[in-house]
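Multiple structures are listed underneath, in structure tokens.
Same chain, two partners: chain A is paired with chain B first, then with chain C.
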Partner chain A sequence: MIASTRANLITLITAPTVWAVHFLVCYVAASVECAKAMADARVFTGGGWPDITTARIVIAVATVAALAAIAWSSRQAWRHWGDGDAEPPYDDATFDDRQQFLGFATVLLCGLSFIGVIFVALPAVFIGDCR
Partner chain B sequence: MDSQGDKTIAARGRHWRILAVAAGALVLGGCSGVQSALDPAGFEAREVATLFWVMAIGAGVVWAIVMAIAVYATRIRPDPHEEKVGLRLILWGGVGFPTVVLAGLLVYGLGMMWTLREPGEGLRIDISGEQFWWRVTYRPQDGAAVASANEVRLPVGERVEFALTAPDVIHAFWIPSLGGKVDMIPGRENRLVLQAEKPGVYRGVCAEFCGASHALMAFDVVAMEKDAFEAWLKDQARPAAQASEQARGAELFLNNGCGACHAVSGTEAKGVVGPDLTRFGERPTVGAGLMPNTPDNVARFIRETDTLKPRAKMPAYGALKPDELQAIAGYLGSLK
Partner chain C sequence: MTDAALASPQDDPELRKAQEARLEKVWETPKGFRYWSAVNNSEVGIWYTATALAFFLFAGVLGLLIRAQLAVPDNDFLSATFYNQVFTLHGTAMMFLFAIPIFEAVAILILPEMLGARDLPFPRLSAFGYWSFLLGGVFVCGSIFFNAAPDSGWFMYPPLSTDHKQTGIGADVWLLGLSFIEVASIAAAVELIVGTLKCRPPGMRINLMPLYAWYVLVVAGMILFAFPPLIAGDILFEMERMFGWPFFDPSKGGDPLLWQHLFWIFGHPEVYIIFLPAIALLAMIVPTFAQRPILGYSWIVLAAIGTGFLSFGLWVHHMFTTGLPSISLAFFSAASEAVAIPTGVQIFVFLATLLAGRVIYSVPMLYAVGALAIFVFGGLTGVMVALAPFDWQAHDSHFVVAHLHYTLIGGMFFPLIAGIYYYYPFVMDRRLSDRLGKIGFWLLFVGFNVTFLPMHITGLRGMPRRVFTYAEGLGFETLNLVSTVGAFVFAAGVLVVAWDILRPKSKEPYAPRNVWNAGTLEWLSENPGRDWGVRTVPIISTRYPIWQQPNFVRDYDEGRFYLPDAEEGKRETLITSVLDARPIQCLRVPSNTFITMGAAFLTGGAFIAATFYAWTLTIGFSIAALIAIVIWLWTGTAIIPEKKEKDVGLGLKLPLYVSGPDSVGWWAMFITMIGDMSAFASLIFGYFFYWTIHASAFPPAAGVGPGQFWPAVAMALVLASWGAMLLARRANAADSPGALRFWLAGSVVLAIGGGAALLWGPHATGLDPTSHVYPATVWIIAIWTAVHLGVGVIMTLYCLARSVGRKLTAEHDIDIHNVVLFWHFALITMAVTVAVLALFPLAVR
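Moving on, here comes the complex of A and B:
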């Protein structure tokens, strides 16, 4: 999550890192809440499955934050991509080529991470309890 | 010479045809029967089969499109294409299309997951996978628990809950005709809800390798009409019938120590190490799905347990005389 006028390997991995952290937050939130709730759940005696409202709120907040961070990273990468006069496929050993190559690769990774974060959050939209 | 060559070719063609028909029959043979996920007889299995067909047909369509494009690009128009067209193809075909298809499948799958895990409607059956048989305990909401083994009966049209455990190694409980499989893990209780839709006899298996006789660890599943099932379950509370003509078999059963491991309710046999034999005569198979339940097979199982079921805990009673084995088999078959 580094603001930089120059593209580098850290700006490149910002979005995938946000995706990974978001995944961890969702997974831990849901499993901790269900592990606690299922310990004394009475599913077999008509009590039904315990719900996961808290985890869903945590996941919603984490998803909004993650998408915002990825959007921010892609905006910066978009600027890096336009920063120079190099031509695709950006494979010369010059500053402009390096800058635009990293910028373009980061934009692609941002797109992938954006979709990834949405897919990770989707179960919380459709599943409201610990089943 | 020519006509002979034609004959050889014709014969070869015939052989191929026969082979193709045989192979087709072999493949299609897996599509129906007592143990096929493609021939669903329960709500869960039907949902999973639908999912399978949606995925299989969808994958087939995607594959055909990709192959068609490959043929077009290599055979029909092998010369370079406009860059704009190529970029557009990558963007829509490589990014847009997979994202939309995967999102659709994800939403479809998540919706299904939700319905497949609805709680049951009252009857609970505890199943414990053990090397190499199934301990079955019915726990109706009203009434006492009923012990059984290697056979699961359930009412049609009711969501039945299974509580799955294992005392020794990991097993997996799978009735392909009724639903998906669930692991049985020592120290855990996994849950599965199944709803049979068609009365009938199906076959369940252990779907996780658990030792030498893993493949010989199956069970019979009998889906019964609700009334018939309830009458049957109520009837389980009484001790097994003791036919007087089987007194010798009963005596041999107890004198040879069978009761140390097996229970027959209403008798001195109260062992809990091995399968409960109280209603053994009602079960379709002997040895956990190993052989049809006939007196000869039962006698053979007692005599050659170690070869019929390698590594089973029960020792082979090869020292028993044939008439003694027959008497015990007759006694066990009379327990109904």
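Moving on, here comes the complex of A and C:
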């Protein structure tokens, strides 16, 4: 259903859904690692802040996977967008207009989701521990 | 369409007159006392809107009380405890009783006619939602007159609010009164999603849908994922308050932070649930007054969907000062900045449309422009507080109060008033006054800025929120006095607008039809309005049919499209396919009844009785409500039509009865269960939340319940019960009622056994839910699932009764399809429950 020659409401929200999953993975990975580390040995004992190497690796992998998925979705959407003779703003009552409208809107959402994934991944580049 | 319609029976004016008379009769608004039995979207929509506006006025008075108290230092106008009730109820009523319901109200009012539909698919559900909202709202607001209002802030943070010594019954009023309203909101969301996807006029493909409908779709979808976490949180909260289950009590392993998570997973998307429908009104108003189609339709769709998704990644920005690790805060900070992108896109699309068109200056446009100015300012301070270090300074200060009022009043209140001035002639047949509108605007705009602009500085100087007074000499006096003066100017503006809406207008002329020369379908309505909603369900081939389709209004008036008649004296509308709006069914929608009002009041009675811990009464009301709902379903749903097909006009014959994924009921069940699953996911989130914060106590060492045996038995029984339902559906399809009833009965027995085994596990292993958060969490998840099995059993018994009553047959099988769909979800719930409660402890030990 997601890989489809026809654009539909599922293909439309694929990229933002990927963003949401990526967001959850980042958040869960970092907070579980920190919560576990802090529950075992609270920092006030004088040791340093526990680091989050595992979470950063998970986030890096998730980010690459999410960006790849969004790129894949946008490639498909790009094809839908070019699939027909309709003209912008795609407001005629034809199959082509519907297909190209959905393709274009999906491309836009892919762009937003791509930026969103990078935004959300950036903290893991700069922050290395649980402070 | 004119070609096809050339030699049509609609050429006969006598016939048209007879058709109109029949339509009038079928859709007639009931008179006298029976008026209140109406379920049609126009009546329910007006009641809903009026009630939400009344709650706005009430909450506004509370706002004035706050400002009066803060006008001068060391004021004793309100006592500290009463002030707590006032600001809590101000926020609560504004959010839950005004801002969210007004979205549902306005959508119920205008969406059907915007889609050329005679009504939404489940009118009685809308009416049920309205009566629930009215009762719940009056209950919550009324509490303040008994000095019993909630008083711990609109977000009810524990441990303050779970402490019976510090908070009285107000916390229970909040939890139960609002849970009741949230259920009604979810019902409205289901109604609106199905309405948008399935009730569009033939030809209105997804790329031709009015932008308002896009926003409704997105917002209703957001409600499905945002409200259930709060309902789950409310359940945990009430269990702690009523029975001492220590979900938020750190001394027994609980954590107040879980409530904050669940509240804000609801609370932040909720801001956008409020904002997007108001922006949707602007998306209708701006093209009309620019007299051109919207520029960048696809970009608006991007913005609506993008905002809808991103808004779920912002919730922790309300929790920046709770001591979470910086990395966690940074994710939410990043997402909070990202959401500015789609939000900004909408603003630029409106500006571009205005620049490209010839703008007609009018009162709705005045409010629209004021909205953009205020909202942009609030958006910019939003970007500031989304930065964690800045937020640490501004948190809980009046800076945040100023910020949130700029976003909500600019993003929601002003667009709403623009919408009221715009749509008033559509709803009430007459125009509002331009003069009063302008006076009101300037009072509101100036009053608003005088109130809230200085408040940024008050906050930066250090004045905290929710504190009932302040000492002299801290630099707060002048700023607060200015804010208070502004608030009363704002209130004067509200009064002017309210007077304009309420003043008698029966001597004024009707507004001309399509008074603003708009292009969308709702403006086909005549003044005075007709009860039928639409004369005929039109065929659509453009985004602005009144502007762009030749002879459209004439063909419409002459009934030259679908369903121009009501031969059988039934209320009917068309159901179409999701993407292309191909007609697939002629849906008979139910008519007026008091049963929905009765069901709503009985359900409300159960919630209200629970507030007073009156358990016998609660159980009595619950049983009565269940009976009322069953009567409602039995008499009003899945009605077997007198014939299979109906000629809906233009030579098209459509079925009157469809089941499974083609039917609106199946969609409603599916969408409801998505919401149900997000509540369940929130409970599971709670389980894993406790797991992350405990080193070893959650789940505890081996030997503590619920063990593996009883959950495994429960799983096997429920799996068998689900299998029996599949066999029952197959037996029904094979037209063998005996086998159908056998499998239904078998499923009931197995499900009861499964539920009992699931509850027996924690009971047999001696888990005491008041002793620690682990047994409490196990119990609450097990009870949740058992309750779902119980609901499944009731549905299965209902099918059994329908079969015996010959209302469920091989040909007429809506009920069994919908109930099997419920069982799919029940099975998933059960499988997750067993995996978490029985298997996860094994995996981590």
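Criterion: the second predicted complex is superposed on the first by the 123 of 131 C-alpha atoms of A that agree within 3 Å, B and C clash if a C-alpha of one lies under 4 Å from a C-alpha of the other, contacts with A are read in each partner's own complex, and residues count from 1 in each chain.
We take it that a residue touches a chain if its C-beta (ideal position, glycine included) is under 8 Å from a C-beta of that chain, and two chains touch if they have at least 3 such contacts.
Given the structure is predicted, the values throughout are model-derived calculations rather than measurements.
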* To do: Based on the superposed arrangement, let me know which partner A:I115 touches: chain B (first), chain C (second), both, or neither?
  => both
* **Contact breadth on chain A, by residue count: chain C or chain B** => C
* Is A:G48 in contact with chain B, with chain C, with both, or with neither (first, second, both, neither)? -> first
* Asked: Counting only touches as set out at the top, which of chain B and chain C does A:H80 meet: first, second, both, neither?
  -> neither
* To do: Return first, second, both or neither, reflecting whether A:P89 touches chain B, chain C, both chains, or no partner chain.
  => second
* Which holds for A:L102: it touches chain B only (first), chain C only (second), both, or neither? -> second
* Structure fact -> Where chain B and chain C land on the same part of chain A: residues 115, 119, 122-123, 126-127, 131
* Provide the residue numbers of chain C that touch chain A in the complex, in ascending order. => 203, 205-208, 293, 295-299, 301-302, 305-306, 308-310, 312-313, 324-328, 330-331, 333-335, 337-338, 341-342, 540-543, 578-580, 692-695
* To do: Would you mind writing out the residues of chain B in touch with chain A in their complex?
  => 95, 99, 102-103, 106-107, 110-111, 113-114, 117-120, 124, 161, 163, 191
* Structure fact -> Residue set of chain A touching chain C in the complex reads 8-9, 12-13, 16-17, 19-20, 23, 26-27, 30-32, 34-36, 39-40, 52, 55, 89-93, 95, 97-98, 101-102, 104-105, 108-109, 112-113, 115-116, 119-120, 122-124, 126-127, 130-131
* Asked: Given the complex with chain B, which residues does chain A contribute to the contact?
  -> 43-44, 46, 48-49, 111, 115, 118-119, 122-123, 126-127, 131
